[in-house]
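Here is the structure we will look at, set down as structure tokens.
Chain nomenclature is as follows: A, B, C and D, assigned in order of appearance, with residue numbering initiated at 1 for each chain independently.
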Amino acid sequence: MILAWITFIPFAGGLAAWAAARRGARPARWISVAALAADLALLLWLGAAGRESGAETYAVVRLPWIPSLGVGFELAMDGLSFLLVLLTVFLGLAAVLASWTGIERETGFFHFNLLAALTGIIGVFVAADLFLFYFFWELMLVPMYFLIALWGHERRRYAAVKFFLFTQLGGLAMLAAILALFFLHGRMTGDYTFQLRQLVGTPLSPGEARLILAGFLAAFLVKLPAVPFHTWLPDAHTEAPTAGSVILAGLLLKTGAYGILRFAVPLCPEAAAEFAPAAMVIAVIGILYGAVLAFAQRDIKRLVAYTSVSHMGFVLLGIFAWNEIALQGALIQVLCHGVSTGALFILCGALQERTGTRDLERMGGLWNSAPRMGGMWLFFALAALGLPGMGNFVGEFLVLLGAWRASVPLTVLAALGLVVSTVYAVWMVQKTFFGLNASNWRIPDLGVRETTSLCALMAVILWIGLYPGPFLNTARDSLANLREAAHAVLEAQSAPAAGGDHDRP
Amino acid sequence: MDYAFYIAAAAALAATLRAITASHAVHALLYFIVSLLAVAVIFLLLGAHFAAALEVIVYAGAIMVLFIFVVMMLNPGPRSVQRERHWLRPRIWAGPAVLAAVLAAELVYFAATGAGRSAGAGQVEPAEVGLALFGPYLLGVEMASVVLLAGLVGAYHLGWHLGRRPGGRETGEGEA
Amino acid sequence: MSGIPLQSGLVVAGLLFGLGAAGVLFRRDLLFILLSLEIMTNAAGLAFVTAGALWGRPDGQVLFIFILAVAAAEVAVGLALVLWLYRRTGTLDVDRANRLRG
Amino acid sequence: MLNGLWLIPALPFAAFVLLAAAGKRMPHPAVAAIGTAGTGLSAVLALLVGFDYALRPPAGNAFVQTLWTWMAAGGFTPEISLCLDALSAVMIATVTVVGFFILLYSTEHMAGEEGYSRFFAYMNLFVGSMLTLVLADNLLLLYLGWEGVGLCSYLLIGFWYRDVANVRAANKAFIVTRVGDTALALGLIVLFAHFDTLSIRDILARSPDRWLQGSGPAAWAALLLLGGAVGKSAQLPLQVWLPDAMAGPSPVSALIHAATMVAAGVYLVARMHGIFTLAPEVQALVAVLGAVTLLLAAASALAQSDIKRVLAWSTISQIGYMFLALGVGAWSAAVFHFATHAFFKALLFLGAGVVIAALGDEHDLHRMGGLRRELPLTFWSFLAGAASLAALPLVTAGFYSKDLILYQAFASPQGSPWLWAAGLAGAFLTGLYTFRMVFLVFFGKAGLPVIRKPGVAVSISLVVFSFFALTVGFLQMPALIAPVTVFSDFLSRTLPVLPVVAVSPATEILLLLDALIAPLIGASAAWWLTLRRPGFTARIERSRAGSALHRFWLAGWGFDALYETLVVRPFVRMARLNRDDVLDLFYGGLAWCASRLSYRLCRTQSGSVRRYALGVLAGAVIALGLVAWFKEFP
């Protein structure tokens, strides 16, 4: 039951914050913080207990929901889900703290939306029933739309609608795939169910598998985003309020990666193996294309947004290389990108709040008046370029190491991304904090609240960078299970056709 | 019998035709009432006595009266007095009266000869209707009640705003 | 009911319906349109009752009663709207009440 | 004693953390104390550990201290572990001692700077990273240090961040070295793919069994490692960043861009010598790159007028010597030259820093002059450094290390007379540009007035460095002069000894004489050209060919312009052109089509009720018609 608590505490907190907002903004904020802190405590307790028990899954909830349709309220948390939920709650807390001063209109409704989106994201990470998964998938979408459309910047309507259309279309394709799988499985076994553990291993003909995979990938690649489908992201990230950007970049994109890992590949491993080379090409294009575009931007939030495209390319590359090193790398990259990009967006928000602009050409020389902010900015820019000692490096290096086994030329090209990421990272430091202070900015430095939350993010990045052991160990079993599940299906289905490449699905 | 049906049908069609071509609203309403009466006669001939009664009472009696109220409300003021007078001319009511007379004659004929009281397969008694209505169609009855309630609320709501509108006149029509 | 041709009952209903439809299409006064709609519902009622008589079952009349209820509600709201429109625009010409034009 | 090894990099890191967290609020003396203490204690410890290691060598001549397992994923288990052997002992001793005295110098030199604590924080971060680099037991940890020093280099070049030119130089340095670093990262991946480990000792132990001499993977691995090395050590073709890196403060140039970081490439190649031995083509490439670089850079140094740029080009040139040595397999000679170079080049930069500060931030050689009397201590120490750089015979450290390289370039199995000749020509040019600089700065008629004289801390540092610049060479001397081979003996614990081809005694004497004479000729030529016949030089510079050549060399053989046109500008233009993301046009187009369609459909929304009614009726008729139609044709 604890899983249901973890999932819905933020939602309840959001409702309470909304109700409390009529007494002013402060109670709403404190209630949100309290709800997330309680959630975090619960989660850590669960993690500790789960580690002790040594069981594969930390916690499971199985309740009937719509039995006539084979829909169950089924949540399960293994190491992978645990890490991602941890990231969600942690970043959620940072997002609430980051919007402490920036949001003045409709504070209660804002916090309700924020926490409702978090609930949707947590739900996505723990759902073990495809119908429930789809439910949460859509649940996180709507509050996110409101966050952008109501509290965003100048072009918020455009961005919100674009975001909604892209993700919604992908989601519908996924719904079609889920239903197709449901009926195919039901027809074959007579057991009409949406339970993931039943559906894994459904024997599919190659054509069916390809279509179903396409449906899933339509949702996940848009969300990730992979390159031809990424154009919603810069707009949405740029126009969203700070907390919205943090959640978008830090968490929402991760649901795409998680979906591929948990659903797309295990459900149709054969088709996924077929698709893997193409996916890796897309990933490498994303890495380079995103990085080059990031460099070209003038809007600081847009710049950071495009770096996400580049970094999520590494994640995609790692997932489709599908060996242990690469998968671990992809997971670490997911976590670290969430934290570091979240922090960058918090800093962008702070900069915009202080200077009133996001235009890089109008900034410059800010170090003098805000050295602490500059140090933070520098730190997270370095994290973005993958400096060793920071978590992003661990992720990127493991991905490259794993991808080398899958494809040498693509790995070399992906490594070029490291150079281009340096270019945009130093560019974004130069344009903001270094150089001449032409506009005579005198901005206040970071306050205690901001410093504390950023220091926490910084500590996480360094922790993962220098001692990622706990994270890798937590995820190891679940990643191994995913690999085994896919592998077993492959063995069963095409024993004679299996090639010599053991590591690939 | 056939003739009775055809006469009633012809009357209904003629009255309806006049109703939709009439240039004046009251004119059209009168013809339409006649059309309804003609249909009621047809119902009678078909053996649906209950429906015939409802047709006259609810349709011709209640709904059409509502129409006439509205027509009268549309042009209030001194001009309406003159209009009232205008409506009382025979040109207005002669046509409907003739058709109504034909129908009346038919009814009198039936009453006299008893030809209308046809027994047989076509006859459906009100009791049967009632049983069906509150048996298999109970849900429909409930839904109809909801529709009527919605109509009531809607009309009331519109009337409320009509009354509140600045410059608008206080008009309280509690229809339905 | 030896004599009454039930097919002709349906024909009459159809003709009445057609007249009502023509009224809806050709009249510009909203009041007349409403009236024509009533003609159409009435025609539908006639068709139901005729069909009910054909089979000798009460269902036709039951549905007629429903139609009656719907017509009553429709007229109530419709006439309220007519008044509204008249108060707002001073006319009942539907061709001039086209603010919903896209 | 050896168990305190981890403290050596940890102490500077601790100083960095302390200064970064609270340095802004500390008084300057406290900052200076913490800043120097971090590296100073580390230096003391490094010396103690070094002597301990030298006197009581541990088993296998290597002491390994594993701190924790960095990460563990699918057979990839690099550790955070340090390894002390002869090579790293030399490196840590040099780095910490040089680092400490440069920091001591900085306490005075940087006084009054706005970012005083920031400077000391970065410097300590650098020292810590550099020590991590040289002590790393596996390549991934080495890579961490490698990137760490690159980062510090970036931060310190851009130390005066207000001037955009400095920031640009910093960016350039970071990006160019990052190109090399990426090659290095790929090299690591190749090595892991073949050895399933990144432990340096394991790779070196297994490589002869795993790879044949001259096999493809070995060549690729060596080439990629070399890519990293040329990036960091500013060798061809990635040398372009170093001259611009002189935008940083002088102590930074001394520590990072002369003494330690730029030699990291040399260290890497020496450390991975086994791989290079297995790839003879690549090793030959190392030698050729070194030889070409040393000539190119020496020629460029001749044409510079900015004192620090002269020194920067000379650094590139001297590292070219080290690469030449590595290329011919003279591992210990390269490391020896690294050590001597660290001292004399740091000395020269510190001296240059004094001169620049004395003249009020003046860099131009031609506006200096006659400083011999105004700054005597600086003059003598600068002269010591310059003599060592020019390798004036017998009394300077540079002579012994350079002579060793020249000798082995000739006598090694991989060596050749051509490489030797290039080195010798380089020695002549070195003498020429070094003394051109000395004469222009300290002799001749007085230029700008002196406004600031060196204080105690600066003087101490200069004296200490002068001492080392003159005496370190006595650790290793040619057999003909005195049979002292302390240095190579010590290093032979870790690095293989070069099997020298026997050379006849006459040739040997000839080689020594050449090495003796070439710098002297260069120095005298410098004297003749700058002091005796300045008009002649000016005339050459004014002639058409002369001025073209001068501009060409001033611009570093046009590499900057080449990269600018080939890489930078196309990249920037392409990026800018695509700022609004060409792929978005597709979606924008879709949206446009949809809105046009919607506009069209809006037209049907006329607002006329009767038209709608007609539509409904028509629809009903069509639907009924269809029903009738299909009923007829079942």
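Please note the rule applied: contacts are C-beta pairs under 8 Å (C-beta built on N, C-alpha and C of every residue); 3 or more make two chains touch, one makes a residue touch a chain.
Small disclaimer: the values here were computed from a predicted structure and weren't measured.
The chains in contact with chain A and with chain B alike: there are none.
Averaged C-alpha coordinates put the centre of chain B at 101 Å from the centre of chain D. Taking the mean of the C-alpha atoms as each chain's centre, chain C and chain D sit 92 Å apart. Rounded to a whole number, the gap between the C-alpha centres of chain A and chain D is 37 angstrom. The mean-CA centres of chain B and chain C are about 11 angstrom from one another, to the nearest whole unit. Looking at chain C, one finds that none of its residues touch two or more other chains.
Shared interface positions of chain A, defined as residues touching 2 or more other chains, are absent. Those residues of chain D in touch with two or more other chains do not exist in this structure. Judged by the touch criterion defined above, the protein chains link up one after another in an open path, with no loop closing it. Chain pairs that touch, as defined above: A-D, B-C, C-D. By the touch criterion given at the top, residues 162, 227-228, 230-231, 234, 292-293, 295-298, 323-325, 328-329, 365, 367-368, 371, 375, 378, 382, 387-389, 393-394, 397-398, 400-402, 404-405, 411-412, 415-416, 418-419, 422-423, 426-427, 430, 433-437, 466-469, 472-473, 476 of chain A touch chain D in their complex. Interface of chain C with chain D (complex): residues 21, 24-25, 28, 30, 33, 94-95, 97-102.
Interface residues of chain D, counted against chain C in their complex, comprise 601-610, 613-614, 617. Interface residues of chain C, counted against chain B in their complex, comprise 1-6, 8-9, 12, 15-16, 19-20, 22-23, 26-27, 29, 31-32, 34-36, 38-39, 42, 45-46, 49-50, 52-54, 56-62, 64-66, 68-77, 79-84, 86-87, 92. Partner chain C is touched in their complex by these residues of chain B: 1-2, 5-6, 9, 12-13, 16-17, 19-20, 25, 28-29, 32, 35-36, 39, 42-43, 45-48, 50-51, 54-55, 58-59, 62-63, 66-67, 70-71, 73-74, 118, 120-124, 128-129, 131-133, 137, 140, 144-145, 147-148, 150-152, 154-155, 158-159, 161-162, 165, 168-169, 171, 173, 175-176.
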